[in-house]
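Each structure below appears as structure tokens.
Each of the next two complexes has chain A plus one more chain, namely chain B in the first and chain C in the second.
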Partner chain A sequence: MLIKGTETMDSLVIAGRKFNSRLMVGTGKFSSNQAMQSAMEASGCEIVTVALRRVDINNPGDSMLQYIDRERYLLLPNTSGARDAEEAVRLARLACAAGCEPWIKLEITPDPYYLLPDPIETLKAAIILIKEGFNVLPYMPADPVLARHLEEAGCVTVMPLGAPIGTNRGMRTRDLINIIIEQANVPVVVDAGLGAPSHVAEAMEIGADAVLVNTALADTPNPALMGEAFKKGVEAGRMAYLAGLGPQRVKAQASSPLTGFLREE
Partner chain B sequence: MSFFDLLQQHPAAELQQRFSQVETQDIDRALTRSKLSLDDFLCLLSPKISDSQIETLAGIAHRITSQRFGRTIQLYAPLYLSNECHNGCKYCGFSADNHDLRRKTLNDDEILREAEHLHRQGFRHILLLTGEAPEAAGVDFIEHVVRLLSNRFSSLSLEVFPMSREEYQRLVNAGVDGLTLYQETYDQVLYPDLHPYGPKSNFQFRLKGPERAGEAGLRRIGIGALLGLGDYLTDAFYTGLHARYLMKRFWRTQVTISFPRLRPAEGGFAPRSIVSDRQLTQLICALRLLAPDAGLVLSTRESAELRDNLLPLGITQMSAGSCTAPGGYEGDESDGEQFTISDHRTPAEICDILANRGYEAIWKDWDGAFTDQH
Partner chain C sequence: MNMRVNGEDYQAETGLTIGQLLHRLGLQAERVVLEINTNIINAADSTDTELHDGDNLEIIQFVGGG
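Presenting the complex of A and B:
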């Protein structure tokens, strides 16, 4: 545990593995694989998530996988597109059989429009995959009770959404994420809806351990510059959290007390 | 409530009256909405839309699409299995009345050759098409073809005749994940004139096809009207109404919308109305605002130039290098086709155009491993 004030940045540890970056990056929606690569590089991320439905995981020459240096990044396959536990489990096994490390970002989103995670199926799949030896990182609604269940099942993180995927609406679930952070014994990664560096800074300021961003980096004419901006947002938020933010007050409080003279000797 | 019942609640005469009453300020108001009502959608389809309003509409459609789908276009190719058909659709090249057409249903070797051709070009999403002739290319045949191809492709969709829920279920179990079923026109009076005989003459059975497919668990359901057959404005409105109905009822299913349009005197058939490029653009953008998450599909029916221009305005899926005759990829392309295509560019050329315009071509966006049939 870092002692506050002794370092500016600390490491993120998930399932015993240490990461220097607290920003995870998704790989969808980019205008080209080069744009995706430039955003990844500039963001300083070390964990990159890839939708198994988008890649030919058995083919090392796959056009997208070629752009992800697996020496440098942890390739975190995700089950995006799965509608229930059975489908997600099947996909995870497929990735593992293809030689991926047994890490899986569990995404079960039966509704194709808001892509909201299914809490029941997610817990069901997590239990099966953890038994099979996977490190499971579940995308989940910002529900503190569900977070407890997923943690008890053995998930290595919990990944509540800030807002629906791709909406760029920021920390709409802030109050609930606050509770999850307060209660969690595994890293809390805010996963979706973060559309601006100020959003990720906000998540980190309140004590999230990491964030995951995709749309905001892909849906811009300059993914590399945005990647760098998010890197700085994450770092600024983490530093502020470590430094300790001052409490918010309703009334003004002068930096130099107005009645200090009364207490002067 | 079925969509047929919903359709009865929006009679064409009332819609036409409302279209005639739309004012400029109604369009302005609709352009400010974050969620469109059906009346807003109708206003955005209005012929009274000004150049500046259509520009605003296009800007909003572009922003929504870019945020929701990113700078990507998913590519697919049609594979025509058979052109045999018992229907007498007056506008279709496969019509039983077309005695000059050489009828053909591919055998396994021919299907595999065609499929291999598409696979070599990079396609992993294939749309299988037939006419409506159960003895030549019925449900058993389609199921057989799906099992024949499912290991080679990530996604197999169908554009065939409407089926029962049980038949759709069989094909889902075989590995089909998508369905396209155009109503052609939602005009119940005109429909029998255009489809005078054959199983397709049953308006309601066709209309309720997407609902049976949704009940059978199809993951993607595509709808559309063949624009120009009937009154353009009412068919456009009903298409949006249909999409919204399906999205609400089948919450696990992705709805896609296509906008095939008839060209003047196509196949000797005179369309009732000619839908202009401007109207088509307006419709695509209005549908994007009505259904921000729907897949919008543009085929090679449209010209290369128009397809390129429509690219940023809402389109999410495109066919490329298409041939509409069974056996046409490896054989004589012009023999036995359903309709003539306009965009003749190869898939590789389309990819280059996409890249030049800042879009990534997506060849694979699905995996048979989601289901255990592959």
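Presenting the complex of A and C:
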């Protein structure tokens, strides 16, 4: 049986919109726009995040937007760089004015060393942006109480971190994410720190609805191959979750029959 | 007239429009968004808008990000 609750194996619904992929991809830090494009393509993702920055007016360069097929991918701008709610709201409004749909990955990280999200400013900004009609996907500490507040405020997902951004350290917050998954009524997207297909598989196995990955795909000599590996990791984890994992035991439980041995008992 | 563009001093002739400025900087209006004196402006819809002495512009674009 592939159906559990109202979800099917192949569709993720966020704010009433259906997606076939449960892997979201960040577009930062790739060695080239072509490398980014190949990782996106191989990953099968349908949602890609982007950031907003000042143009270098002395060296404007190529716009990376021309490498993203807007028919195929939902552009999800983030508010990275924001240190408080006011800066995040400003970035969200700019993204909307730039022609994006009103979807925003809310990200407020005042701490430059661990880039940990500020829970108070995140909730404050979420309330303002939701009132303005945005679909808000907040990057957040893996805190079940905060997840509930963000959900009650009207966020369309919650996005707890597995480990700090770019660390590739995996599901360090697993026990707390478990509680968030148990309690959430909106999709739970594990964001940040997932550095290997086994990490995303683990997130999906415990019931996360989706994951967001960037550094792991950018920081490899072969982004396309890694994109495919992560796609399979997400799919494997999701399938295992839907199938239902067997219970863990302390003592061995034989897989072969315990009768008919070729010896006298 | 004197303006500020992305934190730098920028001199231009009176009557310069948004479209002309972006062209001069080698930027496509569809690919950027502007803030003029903290008001957000859709660049592509405002190419004929004239800039003024003392204007403070931010020209912003999408870049890779997670």
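General observations
We adopt the following convention: the second predicted complex is superposed on the first by the 239 of 265 C-alpha atoms of A that agree within 3 Å, B and C clash if a C-alpha of one lies under 4 Å from a C-alpha of the other, contacts with A are read in each partner's own complex, and residues count from 1 in each chain.
Operating definition for what follows: contacts are C-beta pairs under 8 Å (C-beta built on N, C-alpha and C of every residue); 3 or more make two chains touch, one makes a residue touch a chain.
Predicted model only: the values in this text are computed from it and were never measured.
In the superposed pair of complexes, A:55 makes contact with chain B and with chain C alike.
By the touch criterion stated above, A:97 is placed in contact with chain C alone, chain B being left untouched. When the two complexes are overlaid on their common chain A, residue A:135 makes contact with neither chain B nor chain C.
Shared-chain residue A:38: touches no atom of chain B or chain C. Once the two complexes are laid over each other on the shared chain, residue contacts for A:30 go to chain B and to chain C alike. Of the two partner chains, both chain B and chain C are touched by A:215.
When both complexes are overlaid on chain A, the residue A:168 reaches chain B alone and has no touch with chain C. In the superposition on chain A, A:80 contacts chain C only, with no contact to chain B. In the superposition on chain A, the residues of chain A touched by chain B in one structure and by chain C in the other are 28-30, 52-56, 63, 94, 166, 215. By the touch criterion given at the top, residues 26-30, 36, 49-57, 60, 63-66, 75, 77-78, 80, 93-95, 97-99, 165-166, 192, 212, 214-215 of chain A touch chain C in their complex. Interface residues of chain A facing chain B in the complex, by the touch rule stated above, are 28-33, 52-56, 63, 81-83, 87, 90-91, 94, 110-114, 166-168, 215, 218-219. By the touch rule above, chain C contacts chain A in their complex via residues 5-8, 10, 25-28, 30-33, 35, 40-42, 44, 58-66.
The residues of chain B lying in touch with chain A in their complex are 66-72, 154, 219, 247, 251-254, 293, 355, 358-360, 362-367, 369-372.
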